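Take a look at the structures below.
Below are two complexes that have chain A in common, paired first with chain B and then with chain C.
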Partner chain A sequence: MGAPGAFDEIWGHGGPERPRAEFAALSQWLAETDAAELQRRQQSAEAAFRQLGITFAVYGDTEAAERIIPFDIVPRVFLAGEWQRLSEGLVQRVEAINAFLEDIYGERRILKEGIIPPELIYLNEQFRAEVDGVRPPHGVWAHICGIDLVRTGPDAFYVLEDNARTPSGVSYMLENREAMIRLCPELFRDFRVAPVDSYPDMLLKTMQSVAPGNNPRPVCVVLTPGHFNSAYYEHSFLADSMGVELVEAADLVVDDDVVWMQTIAGRVKVDVIYRRIDDDFLDPLVFRPDSMLGVPGIMAAYRAGNVAILNAPGNGIADDKAIYSYVPEIVRFYSGGEAKLPNVETYRCREPQALKYVLDRLPELVVKLVDGSGGYGMLVGPTATKAQIEEFRAALVAEPHRYIAQPTLALSTVPTLVEQGLAPRHVDFRPFVLTGSDGVRVAPGGLTRVALREGSLVVNSSQGGGTKDSFVLLDDGA
Partner chain B sequence: MRIAIEHRTTYRFSEPQARIVQMLRLTPCDTQDQTVVSWLVGVDCDARLRDASDGYGNAVTMLYAEGPIEALDITVTGEVLTSESSGVVRGSAESLPPLYYLRATPRTKASDALFAFASDSIGAGRDPLEQLHALNAALHQRFPCVPDLPDAGCTAAKAFEGSRKVSSRDVAQMFIAAARGLAVPARYVSGYRAEEAARSAPHAWAEAQVEGLGWVGFDPSTGLSPDESYVRVAIGLDASGAAATGGMRIGQGQEQLAVDLHVDQLGVEE
Partner chain C sequence: MLMLSRTAAALYWLGRYLERADFIARLVEATIRLDALSTRPAGEAAWQSALAVTYTDEAFALTGDELTQARVARFLTLDDSHPGSIVRCLDRARNNARAVRTALTREAWTAINRAWLLFQNRQTTGGATATLNLLEQVKGETRGFEGAIHRMMRNEATLLIQLGAAIERADNTARLVDVKYHLLLPEGEQVGGVVDRDQWNTILQTVSAVNAYRWLYNDGLQPANVIDLLISRAELPRSLAACVEEVVALLNALAKRTGLQGEADRMARARMARAQKTRTHDVIVSGLHEHLEAFVGENALLDGAIARQFRFI
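Here is the complex of A and B:
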């Protein structure tokens, strides 16, 4: 359902012959570089990724395990001004997410003032009573956020999903860039592209900044569920590039409310843990008792304030689908201003007026299950059959509170190398936002996913999606 | 009533353990009708104990012991002063609102059979407090003899089928599942009850939220509300969430758990 007339980020609405003025030089590079040559470079990049063993999966994308994701050689480019405005929106949103988490596990002012229906919090499995009343070291909850965005125009970005638990994909930002520098060095000569290779350093500084106490040299580790996890490459890559230990649960013990790492040289006290395992598997004494991945007692050490856990346990309540539609209100409540970065317009079917609207326009809308994931329980109105629409109509009438609906957007495209040459393909974007004790920073890049099939809006790697490098220009004077 | 409690939990391991980490919910908190006069949690080996809380308002003790450990003996001795409150819980530390206790857990999901039983037993048109008393009495009638037994991890729905031995824990979970099914917030309580006989597990009952009264205790193992012979220790969404002891051990072999519990009435305070 490639929306005709979608905004192309390089060609604008005019096609290859009349690109956006700011992208004339890039467009020229595309036109002048032989397609076969681009093809050759792309294959070289993919061969390198295969050799490195880079695999990854985003939420609900389990089929991507142990597969490399196609790489597209044409970069996606943000102008300096565009990026500046987008960053302001991201910072505001992540600040609000942190304030919300602090509040929801503390005073709960937002519930007392009636901004969010309390049942959406208290009956939500992502609200963890086990961390109620806990204040994480330095008051930071969402240290590493991956905010999923789509775009419909030069400054028209919409948030699809906030990921405040264990967002993955940042290794793609770094590896894609490395490949581009190697394969297309001329681009980095002709354009001033913000470097992303300082990300591991930013991450380490973020970790160190939230260490409990005043230890000038806190011990930081990355906790992975193990090599069978689909994002294991990323875990080991990040630990390696930060110069910290990659540990599994069995390497950690808790004694006297302190976390220790067992090493050949003896026990070492651990101050900061970047964990890439879900809350459920963090501590079998507190969450799932059948978990073999967890560290018994780690939550007691956390409650006692002796260790920082990134991201904080309990964060799921902030990026839950049921809460998503309230984020604009959450931003307004904590920042005092309107959200600079809007949500995709969302109809909460739990509200009778919204339900009526949705039932009247099912063929135009996307309907999603509030508690569903990975495309299950989803109706894409414009491509659905009559029978599917009627099936959803019945489900909506029966249990309206379980559904939200959104309009179908004309997602932006970026020129992409396909068999026939260059063609526009739809993209989304996941920038990474880090929050330490000293503030919020946006990494100048991110993960661009591209739907390689013509007209497709599905960027998931299990369904024919690929990735691109994402350039952020330091100035627009090209 | 003055109640003396001696609660001993003994683990024996067929092979020495390298490490044990346990989370203990063995310490009662003061309420308006329950005053802890003295309380001591002791361990027989070189273990470190740390006081903590668990988000539900329970007092928690973390136990850390390093091996080789062949046996672990946790002894609780204490005295609590209680007064009669007709089952109404007054002055308890509440960190979570009643709404939270409408959540079903895997152990407290009502089956159709349990829900039908609950609907039948409450009748129609009576006020919520009467309905809950009726449910409590009906469960007692259905399961008249329910001892305090060690936790076998059974769910409310499974226990309701009645094919295995039903404990006070099971009927408490049935009450909770049924109450939540009727949209009444309910929770599990683990504690002690002054009685003649020694027992092998803490007692279990339920609390439900009643408008105008707040949390009210219901003990389906007696069909009545708790009286001054009860000592509340820990609350949770279900038996697992309020478990007195639980943890992980690193080491081979089997574990054997024995609990010896004496709860004695020392005298009635005027």
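Here is the complex of A and C:
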């Protein structure tokens, strides 16, 4: 079992015999479908993923350079009402993130009014002075956001992390759904599930909406670091399903502040670039000079307003873990209302009082590096060894400003197929929110990650996590 | 939408590498059969020639291994230390396919990926039967790929893959005839002399033409006929005549779609004009080896002209 008393999204607190009333039908399907049959379907899905090459690479892992992420056949389900409330919170949060970025690289009212300590911005590596005063086309910064959520009860959702740079995982939302439709068609007959397959169209419209100038047919491309990148499958998948070119740096040249791609018949002007390359590597003339993945001059073209770059360079300042704890204030500052989606309570170790609190309670807390990701540089107090705790204690004392700490949440679980049959496993959730010049839209689904090891709270694919399809029901009367 | 130069290059090479993988599979298959039918040391010679056809005789000599079926078959299929093995060709093909994933359909990609997966974590080919099974699977996937290509949009992506395959096929056939002929008819022997049925059959098998030969010639195996079939008969898809015509047609189709026409077209058309005038008998009399060597050289020049014409990067 996970944290004792964890809320199960289908079984509630009552176990398989007494599921939540809204999920009686789904629970019955689970009970009636033979576990061996579910195993068979799950294996067939994974075999299909392998053939399609839906793989990810684990850095530094040469043995199995390409792996598939385990897929769990039991879907995670959101009721229509739950989803409605969640969406409102997501839209509000992403609007605030965009307003914050516009402000930080513009007037900086939020600093002048003392809401955020200025050193948190100016001393932050994610603050890019290179784009200070540059307004992206149509004033949109965070076009594609992935907001990581956790849940502790029926209506208790918390934001764990914002991803406003290049969030990945949307291809799993789409491929997992394809697998589910093929393997469990009866579920789609019995439940009205919101379709997710319009996501590529939504993304293309978002891209087209932010094209500079009035070009009615802007040339859009997806820029990938190349096929050795761990998320390459997703890059190619998105380009393919939008019907736009997937380009590498070598395909692009900048001439007179205009970005061109090199085709068999010569150059073609590029208007919108969905880049899946970090800021650091985007332009060796502006950021890291040793970058082989970037396009020299692309930032000059961006500053001249000749190309839209999704997401905008400099966004890292909005999703940085040090800024995260201020997002509720950020939402209040720009929207005038309270955040509909709360943060997880967060102790900023840079503040002496908070540090003392954290050091006293290390075995109960989760401690994170503000600049870490992928589950690396993280202490999960309740499951850590004494040695690990002491290691973090020393690190915290030495460099408190690099850490934040959060209480260990009783993350919700969803029934998951394991060797012994169905068992609750902890999950998190990443919905995708698109912002174009014409507004904010939430894709009706997302990526549910599941910690496959019993009791584990770490859902990262690099550390033994799997994925599930995420159903959003169109009505609750199933 | 105009195609990226990098995409064009990758598609062309994808076509070449898959064709090469398929060719090596058929060559190994035919050689296993030949080996089974011959007594030592004729079997050894069979494997030696298979290595020569794939330009891997020197690389194999460096391994110090014996010329046995187990060793050479493994070397040509599973050994990724040299570029002449099936596994390396599939690896290259798949890398190119990954780089242009968006230019391929799911069907086309999965065929390549499935072929590649056949070789993952495989240490040995097993005995002759297991090897033949593996090769049969490889051929099944490459056939599946060809089928998938014909269901793709008929655009420059498809044409470039086919162009790469046609150039590669021309090279493979020329090389096969050159090496085998040299081996079968050592200097001084006359064409039409003593025929080693099995040897000539091996050549026909490698280009999937055993029955085609019967239909076209209605005659027992005659070396001159086999050479005529492989060089001049455009009905046989793997003959030099067919490859030469196919390259011209594909370049024409590409010119229509992209407006790109140039040196490659001129070279390919000149080559076709000459090929149509070539009579097998004259070639054999004046020197088959010289003829084939010149053909392979010209094919390489044409490959370079194609790269320039489509701005490969």
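Convention: the second predicted complex is superposed on the first by the 446 of 478 C-alpha atoms of A that agree within 3 Å, B and C clash if a C-alpha of one lies under 4 Å from a C-alpha of the other, contacts with A are read in each partner's own complex, and residues count from 1 in each chain.
The rule is simple: a residue touches a chain if its C-beta (ideal position, glycine included) is under 8 Å from a C-beta of that chain, and two chains touch if they have at least 3 such contacts.
Note that the structure is a prediction, hence the values are computed from the model and not measured.
By the touch criterion defined above, A:297 reaches chain B but does not reach chain C. In the superposed pair of complexes, A:276 makes contact with neither chain B nor chain C.
Contacts of A:430 after superposition: neither chain B nor chain C is touched. Once chain A of one complex is fitted onto chain A of the other, the partner contacts of A:119 are limited to chain B, with no touch recorded for chain C. When both complexes are overlaid on chain A, the residue A:52 reaches chain C alone and has no touch with chain B. Across the interface of their complex, chain A is touched by residues 19, 21-23, 48, 50, 52-56, 60, 62, 64, 66, 95-97, 99-100, 102-103, 240, 246-248 of chain B. Residue ranges of chain A in contact with chain B, taken from their complex: 118-119, 122-123, 125, 127-134, 253-257, 284-286, 289, 296-297, 300, 303-304.
Across the interface of their complex, chain A is touched by residues 1-8, 95, 98-99, 101-102, 106, 109-110, 113-114, 117, 156, 258-260, 310-311, 313 of chain C.
Interface residues of chain A, counted against chain C in their complex, comprise 50-53, 226-227, 232-233, 236-237, 239-240, 245-248, 250-251, 261-266, 268.
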